[in-house]
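We call the chains A, B, C and D, going by the order they appear; numbering starts again at 1 in every chain.
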């Protein structure tokens, strides 16, 4: 009952000019919780890890010969086993995986290891058992809306580290204007000097030196992004984006470039005129689609581009 | 080119025994942001409101006569207009809408008004402009993972108020056991005296008196739910559920019953034996599906059931 | 390090009036593929099954005593094992599970078994191996957007069967009007005698007799729903809903009632006036939220209500 | 109350080395339905369009000067207005938008226009009004699970066209093996010579000549992909992927390369040994996560790479 490859030989000869291009494969979204329980005050780390290998896998594609194919199931097992030694930071965990796979299999020349980390915060409690500092030793509540991200790419001996975050939702109820844009036949938008500005920040930044204190820098970049969004009086979301990037680079010499993808989540002032009411910027309709989409990079002028760091990274960032 | 109703008359006569049953209609998920800007320290309230009317709408169903059909677009406009006067609490906003629709249209005898509220927290900032108490006056970050919910149902002069929350994700890294369950031909699960317990709490509770301080009680119930989850040493998620409900009722006489729908989000200990490693409750695989699903109600024995409060409420709660 | 239940005894005595109400528990979304391979022309059936037991589980809630708790893992295993004997129809599979659990465990008095079924269609092929009738023997493509649903509830010896479907997306580009609705202070909607009518049908119907040919009736109800949506010239979505139900009941005496939840998925005519263009019902903006939501039941006048059939069924249907 | 940009001047001077990198902006997910109603047999086309402009927008980023910023609202209006003249194919619609924006505004040097198209099929009907060939003239049901995609990128006078599809779910119940892979310390996977192979195909291909009959080629590529998946006896998903691409290129000289991202959606044989049953490849657990992820490109050896065609395209394809 087995299928047969029925591509006729005439096509096969014409297909001589058809070749395999770039490829990668692995196991996606291995979600695990690591509990550090060396003291009664536990720490929990939840990550979702994707491992993808690059190298010489032509035989699998062309002949169905799996002798070089490190099974995706094996990649999954390896991720679990490496968590035994602790996660550290998402970046370090990915770097360890990259080192393992490229050093263990000759034909694996590189790959891409992505990690997403979810936030767990201690549950506040006034009850005295199993708690200290007003929080519980081993009970946690998921916190925040954003996800921390890391992507490590390795090509031979070269290792590239991108850190980032996504789904960081922010909103300003004033301090945002939008005017001065060109008007053509299709322009109907009114100018405004006071609007709601809302977005969901997705950002990735590239480290240009190794051995960064990834957790500390991440926390500080997140703080700067929030503070810059709040602080900058905005004449365009583009301007806010640039200032957010500028401040991150100004504060962190270890970062060479930062990319953003930021939707402009429109909040339209509801027209109360038909009801005989006024609406002095009080009631806004929160629209879903369509939405503006502002994407851009802020970088140091002296830093060379490194496309291998960004290869196959989804979208603008 | 208009369509015609081609149901043949023989069917129509047989259809004499076919009648309209319960029905309701309205506008769903009217999402709005209300900005309170009477001082330079703004407050923002984001809600998604669903309004559904009940009453005599038979003519629309049977004859396509819309004379009683308060357009869903009109319901949407009304929601926006009422936000002009402030939201207050989700429960109060829904009560006001219920009063408006039932008093404005004779044939609207009742309905269902649902509100979801999303949390915005002030952005911490050390910059001095537009801030006080270390936080910004008009810049916000979305906080927490849970959504606050309210459902108000009205039947004639009777008003029923359900408050609730959903997507409150919590996890304990120890303090949970599961054993003593019956074993049959299909039982393979091992007993355990130490496991991860994780769930995403969905709860609704019914107020048995009017004029509650809805915002204050909500905050306290949320606090109790978290604290009870953390504090109770669990022999079954059922037991944790019951204790959470018991503590809420013990603390809040204005609540007559509370219902829960709580998935048991399995975290399976990874078997490290094949790798020659031990896994003393350190590395867990976070599974998606299937998941346990534990649902139950905790109530006061003296409180009469009120099915009209729970009509068309999704699922167990 | 174990947690202790610290509810003080004074609360415990006050909690004497706090009792356990309704409850149910089980395993949700057990997703499986059953392959019937008795001939070389395979059949595949993909279902997601949720099993929830009701009965006397007070000891688990009140004392953490799991002696009556048929583990949700055991329920999962049972679902898999029963698939060994074939799925038949989703309704029959759920009935078999209900019979097993209520007959195997004295204290399990009933429960709820929900099944969702996904459609797989044979891949068309002109290649001759492993194919007949122009389609492949064992290769399939997922078809259609709708999901077939079934809910079986059992209370003692009484068995209730609901069949249904959801996410059946339909659209008419003409043959729909909406006018004659009342106008108040908040009404701004214009009347129309030609609009797009679009919805995503969710329906459930209750069988009033046992031993129905569930697969055949399902296929015919689906056909009727589509044909009625297409055929009825609509003056209101309520009218379309009623006609759809009426035709199902007129054709199927084994069905006592049918419930619908149908969003009115708005398609707004784009105003081309500012661009100096006309838009004779050609270009429409497909909006997401808010949306109308029309819900109703069509039933036989002689059929008694059966709330046990609909208990905990999500939403209106 | 307006915010002020408080970046201190010392940072500003250090920021002299911080510059704007690549950027693009526009309106995303403009969802519209175009009705062609020149005859009583209507045709409907539903697309979701994203327009993003590239060029000199530095003043907006650096100074908040919007004089070059063609408002995203204007881009939205333009998309609607262009639909007045018909959609044609997603590729042609995107090409027209690209031509408009780059020719209308000097400083717009290029951009990215993405289109997703959803399938509507005529509702079958046996009723005679408003129908012919057994289907309705103006009533439609959403069909299939896949979405057709197109991405047009323009850089100056150079136009690049990618066509594609996503969410095409396919499954083979036999005709798939996986063995011969290397085994290391972390390998536990058993070899198999008969397994379910299931994936959800995402593919994009690049046209190397202009003026393709995009709709016809799309339909044929879809047919080939399905047929190749069905027909190829698979020793690895990599092999199936390659054969799918090879057959597309062999049949369509206008396509220079095709890229795939194909999850390996695992279906694990349920172990019935504990229940005393056999499971001869009949009952499979359909897992969600983690999943295998196989990505690769098949191309003609003589075709030069064109990174501008793939810039900012999400993920591997």
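Here is the rule we go by: a residue touches a chain if its C-beta (ideal position, glycine included) is under 8 Å from a C-beta of that chain, and two chains touch if they have at least 3 such contacts.
Values in this document were obtained by computation on a predicted structure and should not be read as measured data.
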Could you quickly compare C-D and B-D and let me know which has more C-beta contacts?
C-D
From the centre of chain A, which other chain's Cα mean sits the farthest off?
C
For chain C and chain D, let me know how many angstrom lie between their CA-based centres, rounded off.
30
Could you give the separation in Å between the centres of chain B and chain D, each centre being the mean of its C-alpha atoms?
36
Where chain B touches two or more other chains at once, by residue number:
1, 3-4, 6, 31, 77, 81, 127, 129-130, 138, 172, 174-175, 186, 188, 230-231, 274-275, 288-289
Chain B residues within the chain C interface of the complex
1-7, 11, 14-15, 17-31, 48, 50, 52, 57, 60-74, 76-78, 81, 104-105, 172, 174-175, 178-184, 186-189, 230-236, 238-239, 241-243, 245-247, 249-250, 257, 259, 263-264, 289-302, 312, 314-316
Flag every residue of chain A that touches chain C in the complex, lowest number first.
1, 3-4, 6, 40, 127, 129-130, 137-138, 185-186, 188, 274-276, 288-289
Tell me, which parts of chain D touch chain C in their complex?
31-37, 42, 44, 46, 77, 80-81, 83-84, 120, 123-127, 129-130, 136, 138-145, 168-175, 196, 223, 226-227, 229-231, 267, 270, 272, 274-275, 277, 279-286, 288
